[in-house]
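In order of appearance the chains are A, B, C and D, and numbering begins at 1 in each one.
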Amino acid sequence: MTALDVAAIKADFPILSTTVRGGQPLVYLDSGATSQKPKSVLDAERDYYEQHNAAVHRGAHALAELATEDFEDARKVIAGFVGARAKDLVFTKNATESLNLAAYAFSNASAIATHHSGAIDPRFILKPGDSIVITEMEHHANLIPWQEVCRKTGASLRWISLTEDGRLDLSNLDELIDSTTKVVSIVHQSNILGTINPVQLIMDRTHAVGAVGIVDGCQSVPHMPVNVHELHADLFAWSGHKMLGPTGIGCLWGTEEILEAMPPFLTGGSMIQMVEMEKSTFAPPPQKFEAGTPVVAQAVALAAAVRYLENLGMQEVARHEHLLAEHTVNALNALDGVRIIGPTTSWERGSAVSFVVDGLHPHDVGQVLDSRGVAVRVGHHCAWPTCRHFGVPSTTRISPYIYNDIADIDAALEGIVAAQEFFGVK
Amino acid sequence: MTALDVAAIKADFPILSTTVRGGQPLVYLDSGATSQKPKSVLDAERDYYEQHNAAVHRGAHALAELATEDFEDARKVIAGFVGARAKDLVFTKNATESLNLAAYAFSNASAIATHHSGAIDPRFILKPGDSIVITEMEHHANLIPWQEVCRKTGASLRWISLTEDGRLDLSNLDELIDSTTKVVSIVHQSNILGTINPVQLIMDRTHAVGAVGIVDGCQSVPHMPVNVHELHADLFAWSGHKMLGPTGIGCLWGTEEILEAMPPFLTGGSMIQMVEMEKSTFAPPPQKFEAGTPVVAQAVALAAAVRYLENLGMQEVARHEHLLAEHTVNALNALDGVRIIGPTTSWERGSAVSFVVDGLHPHDVGQVLDSRGVAVRVGHHCAWPTCRHFGVPSTTRISPYIYNDIADIDAALEGIVAAQEFFGVK
Amino acid sequence: MDLESLYQDIILDHYKHPRGKGLLNKPLGSAFHVNPTCGDEITVQVNRDAEGGLIIGYDGQGCSISQASASVLVELITGESIERSEVIRKAFLELMHAQGVGEPDEDVLGDAIAFAGVAKFPARVKCALLSWMALQDAEIQAGLITTGEGA
Amino acid sequence: MDLESLYQDIILDHYKHPRGKGLLNKPLGSAFHVNPTCGDEITVQVNRDAEGGLIIGYDGQGCSISQASASVLVELITGESIERSEVIRKAFLELMHAQGVGEPDEDVLGDAIAFAGVAKFPARVKCALLSWMALQDAEIQAGLITTGEGA
């Protein structure tokens, strides 16, 4: 029934044939937190270190040339994956840094503007009375940086609220995003609710008021075909480790225009044009935003991850996940005493599904699943305000990926029933 | 003659038995830029991914426990390497981020203080009239972040100048570091000159005026025994990739007191205590400074690098490098038409030696060496103002490490003579 | 895995029938703690009775381990002297950091020895310690102990 | 490695005997470029003679490749029309990005075909292009071409 040959895929991931908790075969359903890595990704990283490793962009010797070529080829491959040009793709250490980079453009510009007039693009200068708009389903990575920008500039934070079934309440969008709005930053696919948001519509409203539009694509890029141009965003952030790539690499795509206009974030070597003790000028993007020795081996490995996904086909990946989502929501809906937090149908939602079990704490549900070898995530999933909105302290989340099949989901479902029985709430 | 068994060490580094430029055996003398990696480091990283990979700190399942344990054990090992406690060690992506983290403490505190009085430690609040003191031999990573702090706060930058033989001119130290000084940030060992600076003396003066003292240890930690407590610094930054570790990890050690007092830098998941839409509170250090999915596999690999170095013994490493430094400076001093930029004796200097050749541009020297398989760095080494100070646009730099022997240095020396001959300047 | 080694009957019993849950009228000290990974919360309060024995109040929400641990805490600490409560608290901390090795002292820990199995699950140790860390802060606030004592 | 394929005799000759080095009195346009990795600098200036042919001035410091390239540039561009100079500039750019494959057109590039070997060394391509990028900027500044043309 599924769009992917999951058995063949599983065989590419060494960790998926390990056992946990005294011999239980591992059923990994925590890919929303971080994905596992196929052999080809690990090989690419190791080959880089064993054959080409050197400082990139700075050296003129043979290895430095090879390393630089590997690094910039990786940039091309990864940018191409989201329909972008290499020169518009900035490497960071994770999506959190990407989003902070975006947020700091505003607080840095505002601070510089108080001491130096001119030279700073006014779009980035915030002051009391200005507003920043996010949603109530943001990951902390797209919430706290904006709280901090507000603390530093006096701007205020607004947010789009949620409907009962975990979608954005767009009824008052035009009031929320108004002439005071300088930034709108929203999640493409919610990591806790699974909701896929109408990003383009919100970005269009953003541009109608002249604000900068930012999208957090952490949970979309790994799971569906994404073309940055179709989203109408100015900046788009995501992480490598959730899409088969290594830890330690994140991405920020931006339009050429916005990347040119933004002040730098991290400063130091490799992002400069000229340096004197008194002042420096900066290289064009993406180098302007990549200070210091970059995440070279990680970029090479992430490019291998992209190749792995492209080989499967992102349309097929999305179709596979849609089938898993459908099975999961239907099965959870049918379970007594279980309530999905988020959309209860598979329409415009990803395969990550959060739920609560009557009378049971998520930690205890997760523990019972864990005792059966099933790894799920429990907690607020770094979206604490979203939990508050739904009146739950936390949830249990099943988040499958390309290497999971229906049997894996069923193992989790059986675990839920076993937890209800163990704690006598059934 | 040497303190290390270099032949045995070379065998641990797969890349060192490769060839470049059509069959030339590789002689890698660019470790000041980035070091090569032994098998044990690559194995550690791979093992982590194949056996334990999961989200750390957030999950409750078996893999998450193992991954968290690996990550926190790595922190202990790496902290221990510089005589520190795990809880005082922050992981970043590179030393550049570590130094930016330190610099942003000041610009962030200053910005917050303009909108919210109280709650911010006054040591971090900068205003016009305040001064920041660095040296004229800083890497751009410890220069531009402070230029940016000045742009944002109105503070001004001062620097300790250099003597003719590439040491710090401390004659006017007490005037440079005075009652206006809020931060002093200096390099422990210069990456371009090789000079080892009297850090403790400068830090003591720093504390005498009540300023915060920061040390850039990028070129000291890989090459000599370092105990952070002996330096009398408040903050100490270095990178993993220059000490046999992977790309994508940097370190920042701080005293408990200073880390507690500093505002956060990157914000998002995992660095929080409580989050509401309106406001958040933050976790204690080091988590406060580690937003988002951390550099887990990189930490595990860096811990393996530390174990490799500890196995050699850092005293032995330092002795080995001292012997190489002695050989290099003596030989370069003896070469006609060659001038060392930096100390011309091996006293208080590391093994990285910069030089210029009369009538030859460093790029051309480097190219001739490269054609012979010898990899050195040419350019301003991200210390452009230092080059300007010495009236050279750039230098050629030999920077050996544990896997280099005298024969490697001699291969470089022969290349210099060959370059002189090729270009007819001899 | 042996689920029963974690969820011992005593723990499940305390979870389902918490002892002494509820806040005090006029606490000497009160501390609110939260587990930042799951959002579990607890408030622990202290006061002293006429003889100087401790009175404990608490309220909160959380998983079976954190709730049972708070209930056991009340049972163990109520009526005890500061000195004795410190002995118990430290013994519990030690038990939680023992990773399941060694023999806990039932004379000191009473029902709390059931938590020995929890120590083998690092992610749950935080749950078990939540109320005990709050107790320490509440006692510091009440001036009964000083900061850092036995931390 | 074959050092001579990079450092062809023509290049070494231009390096040792640069043609037309020196700045103009009253340039129509002038551009200062720097290679941020090594600090090499060049200033390229343009003017036009009575017949509309280009006059080039330059000064700078740098490696053999960047200096020889500037010298070759002067030789090739001096006296040429804007249109012809654009043809030459684009041919040189193409040569530098060809990674050593293909046959450069000697009729267009003259001595500059000696730089074919440089294209095999990515780190040195920047050196060879330094003066040519500055030329483009100087011409833009002088209003002789518009931004982006042939970039």
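Here is the rule we go by: a contact is a pair of C-beta atoms (placed from the backbone, for glycine too) under 8 Å apart; a residue touches a chain by one contact, two chains touch by 3 or more.
Quick caveat, the model's predicted, so the values are computed rather than measured.
Peer 1: Centroid from C-alpha atoms only, then distance chain B to chain C, rounded to Å. What do you get?
Peer 2: The computed centroid separation for chain B versus chain C comes out at 45 Å.
Peer 1: So what's the Cα centroid distance for chain C and chain D, whole Å?
Peer 2: The answer is 77 Å.
Peer 1: Approximately how many whole Å separate the CA-defined centres of chain B and chain D?
Peer 2: Centre-to-centre distance between chain B and chain D: 38 Å.
Peer 1: Specify, in ascending order, the residues of chain D that touch 2 or more different other chains.
Peer 2: 37, 121, 124
Peer 1: In chain A, what residues contact two or more other chains?
Peer 2: 21, 58-60, 64, 272, 274, 363, 367, 370, 378-379, 384
Peer 1: If every chain is a node and every touching pair an edge, decide which shape results: line, ring, star, complete or other.
Peer 2: Drawn as a graph, the chains match no named shape, so other.
Peer 1: Which chains touch, pair by pair?
Peer 2: A-B, A-C, A-D, B-C, B-D
Peer 1: Spell out the part of chain C that touches chain B in their complex, as residue ranges.
Peer 2: 34, 36-37, 121-124
Peer 1: Which of the residues in chain A end up touching chain C in this complex?
Peer 2: Residues of chain A touching chain C: 21-22, 24, 361-364, 367-368, 370-372, 378-380, 384, 387, 393-394, 422-423.
Peer 1: Please output the residues of chain B touching chain A within their complex, sorted ascending.
Peer 2: Residue list for chain B touching chain A: 14-15, 18, 20-21, 26, 28, 30, 33-34, 36-37, 42, 45-46, 49-55, 58-64, 92-97, 99-100, 107-108, 110-112, 114-116, 136, 139-145, 147-148, 151-154, 157, 159, 239, 241, 246-250, 264, 266-272, 274-280, 291-298, 363, 366-367, 369-370, 373-379, 382, 384-385, 388.
Peer 1: For a test of understanding, state which residues of chain B touch chain C in their complex under the given definition.
Peer 2: For chain B paired with chain C, touching residues are 57-60, 64-65, 68-69, 272-274, 283.
Peer 1: Using the touch definition from the top, list the residues of chain C that touch chain A in their complex.
Peer 2: 1-3, 6-7, 12, 37-41, 61-65, 121, 124, 127
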